[in-house]
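What follows is a pair of complexes built around chain A, which joins chain B in one and chain C in the other.
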Partner chain A sequence: MWGEITLVTGKDLRIERRSRVGLTQIAPFAVTVLVLFGFALEGDSATLRTFTAGLFWVAVVFTAILAVQRSFTVESVNDNRDALRLSGLDPIAIFLGKAAALVIELLVLEVVLGCVVAVLYGGSVHSAGLLGLTAVVATIAVASAGTIYGVLAASLRVRETILPLLLLPVLAPVLIAATRAFEDALGEAAVNGWSWLVLLTLTAVVYTAFGALAFGTLLEES
Partner chain B sequence: MTVPAPRIQAWAYPRGPRGPAPRLAVGGLRRYPRAVSVVRLRNAVALAGRFPALAGLDLDVAPGEAVLLQGPNGAGKTTLLRVCAGLVPLHSGEARVLDHDLTRSADRRAVRRLVGLIGHASFLYDELTAWENTRFWARAAGVDDDSAQSALVRMGIEGRLRDLPVGSMSAGQKRRVSIAAVVARRPKLWLLDEPHAGLDQDGRDTVDQLVRDATAGGATVMVASHELERARAMAPRAITVAGGMVVADTAATAGSPGVSRLPGVANVG
Partner chain C sequence: MKTLGERDELRNTSSRGTRILGGLSLVGIVFMGLIGLWWSPEDSDMGDLVRIMYVHVPSAWLAYMAFILTAIGSAMFLWKRSVWWDLVAGASAEIGVLFCALALVTGSLWGRPTWGTYWRWGDARIVTTLVLLLMYVGYLALRHVDGDPTQRSKRAAIVGLIAAGNIPVVRMSVVWWSNRTLHQKDTVTLADTKLDNMQLVALLFGVAVFTILFAWMLLHRFRIAWLENETEQRGLEQALIERRSESLVKADRALGAAEVRP
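Right after this comes the complex of A and B.
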């Protein structure tokens, strides 16, 4: 199982490295979103710092949609979805492998976004541990949900437009919990970030477990 | 480039394009008892949307047999191959492939590891090289990298071509890589849908030789093709499919009329 997971993850990461879509399209899009937020809030540094956590995670969720679409577009080209079904790979391994690749891509993107936020919005980190753990757990939740709905939408003719519609409501709890935990980590709000992290962890576990169980059926039937 | 020596198995087709024929290790043959059909369909109905692409099809294919599927466009040849590959579920009827009951979803999944399907699409990732693609599908099937390497060499994908992204290859080169990816998996049942499409003369000859080697090694081959002369030369038995049913089952050889095996059905030669 572990070998199959790393096989799929390695394949997806190699494709992304070759295509450079993440570097040339997704990352610039994410940075643009953050810059536009800055313009919309008239560059008021106090306001920007107050909303840094929320703006950061909204940007991450938007870019995650692009990354998920990209992850399943490569499976639609040349009927590779059928090839995956024929491959003999365990559907659970395919799910975990694709989700793991998304986690890695999104974490790299979040580091870039974090640097942009630090430069544009300012602010400081009060709890690096909470910040890092929240980023990892929230990214796992986003990637798991994205992989579930990605395979569901991949077979539809309107996949480009239906995916955000399906995915955004499911990511709302992740967005809220990650924002609250980040606010505590950045010292911008008097909330208990660790309790939000627990909620976030539960969400990630549920999404991942559901995805692992349902992915095979979704790959077959959708 | 140094090519590692392939491990010779009955259905590994280890011979290079112009290399010597290997001595097949008889002890390694994975043959089925002659009495057991590799493919057995009874009154099989499969739907494409609401349309019955297979409309009560009966078929038996014996182990080691090479069968040509012929018929007009839309006759159901591709659907038949996809049913045998476990990709399309049956609406009704019976289907057993390699001793798996394809009416059960678990068996449909299990049989996929044992078959090799070459379809209209390449089943390749454009961003990955020929080597990376072939290695990925070989590893997914639990086969070692040597098999992937041997298969690429067999299909003439060597040197610079081996490390070229598939997206920058010609249609014929992609087809060769696609076939190599299937060869590397060492399937027990070959399902070939227009395998010669896009290939040059050398490539077509290689495919024909692959099929001959496959059946000689105990594998079973079903090939759908409109290139009848070439296909008949490698598949002695020809089955005509029309309207989702077998309308003629003919033992055919190149240049000689066939013999109908179905009573009341005209010969197809």
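Right after this comes the complex of A and C.
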């Protein structure tokens, strides 16, 4: 199983490394979103610092949609999806492999965004542990939900429009919990970030478990 | 030109059962208005605003019921691969979305004079209910995407099950985030009822009437979906041929009856 997971993850990451779509299109898009927030809030540093956590996660969620679409676009060319179905790999391994590749891509993106936020918005970190753990767990939840809905929308003609409509409400709990936990980690609000992290972990576990169960059926139908 | 009696014999969404349910719903809604607006007293805290609750609470109840039925229909479809269950899930979700939106609107109308605002972003139940509504709007959008009907049903069933995961979160939100909601915890409990007798009657009567209304709407919507599905399955041409042959049989019968008559 582990071998199959790393095989799929390696394949997706290799494609991204060679195509450089993530580097040349998805990451610049995420940075642009953060810059636009700055324009919309008139570059007021105090306001930007107050809302840093929320703006950061909104940028991540929007960018995740592009990353998910990209993850399944690479399967749609040259009948790759059929090849994946015929490969004999366990559907659970394919799900976990693709989700893991998304987690790695999004984590790299979050590091880049974190640096941009530090420069453009300012602010300081109060709890690096909470910040790091929240980022990892929230990204797992985003990637799991994204992979389920990605395969579900992959073969639809309206996939570009239906994917955000289906995915964004499901990511709303992740956005809320990750934002609250980040607010605590950045010292911007008096909330208990660790309790939000527990909720986030629960969400990530549920999405991952459900995705692992449903992915096989959805892959066969895509 | 067909008479009304002849039209009734054609396949349509009405039956004796739906006519009874529809009649009961109509009478019930009239009585809901009478009880809610005149026969029940105003609340000691909320005044006349409590009357909005007699629509708000049954709407929310109906939305829950509809979404739970969608989840059951989705699970049953995945298990039995039965189109019947898939159509029940879809029909129920449409009604659920309508009444979930009504619950949010009536809640906002109540919130403005009570809390001084139409919308509270910090309120856990309002926010989770909005997320629930958006999830089912997405579910309905997915059901309307063109493609193979079986694939569409499978996709919808999985999304229906995922969305159902939010129902207990909405239900328990007032308990889990009791410091982040303006909603009170369950006011109506058997052991400790805080409402006036007539207020309780108005609330429970509203829930009963909306349950009947739900059954009536569900039957009609399901039957429309069934006929749509049949049309899609057999093709429009086949359906037209059948409809024409039905008309011919009726015309033959009418002709035979006319010949027998002196």
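Please note the rule applied: the second predicted complex is superposed on the first by the 221 of 222 C-alpha atoms of A that agree within 3 Å, B and C clash if a C-alpha of one lies under 4 Å from a C-alpha of the other, contacts with A are read in each partner's own complex, and residues count from 1 in each chain.
The rule is short, and it goes like this: contacts are C-beta pairs under 8 Å (C-beta built on N, C-alpha and C of every residue); 3 or more make two chains touch, one makes a residue touch a chain.
Here the structure is a predicted model, which means the values were calculated and not measured.
> State whether A:173 touches chain B only (first), chain C only (second), both chains, or neither.
Only chain C; A:173 stays clear of chain B.
> Considering only touches as defined above, state whether A:135 meets chain B (first), chain C (second), both or neither.
neither
> Contacts for A:157 in the overlay, against chain B (first) and chain C (second): which applies, first, second, both or neither?
So A:157 only meets chain C here.
> Just to be sure I read the superposition right, which of the two partners does A:77 touch: chain B = first, chain C = second, or both, or neither?
first
> So in the superposed three-chain picture, is A:7 touching just chain B, just chain C, both, or none of them (first/second/both/neither)?
The first partner, chain B, only.
> Is A:34 touching anything from chain B or chain C once the two structures are fitted on A? First, second, both or neither.
neither
> In the superposed arrangement, does A:113 touch chain B (first), chain C (second), both or neither?
neither
> Across the complex, what residues on chain A touch chain C?
It comes out as residues 148, 152, 155-158, 162, 165-166, 168-170, 172-173, 176, 206, 210, 214, 217-218, 221.
> Where on chain A does chain B make contact in their complex?
Residues 3-4, 7, 11, 14-15, 18-19, 74, 77-80, 82-83, 85-89, 216, 220.
> Spell out the residues on chain B that touch chain A in their complex, using ranges where they run on.
Where chain B meets chain A, its residues are 85-87, 105, 109, 112-113, 115, 117, 119-128, 132, 136-137, 139-142, 165.
> Please give the residue numbers of chain C that touch chain A in the complex, ascending.
Per the touch definition, chain C meets chain A at residues 78, 127, 131, 134-135, 137-139, 141-142, 145-147, 150-151, 154-155, 158-159, 161-162, 165, 169.
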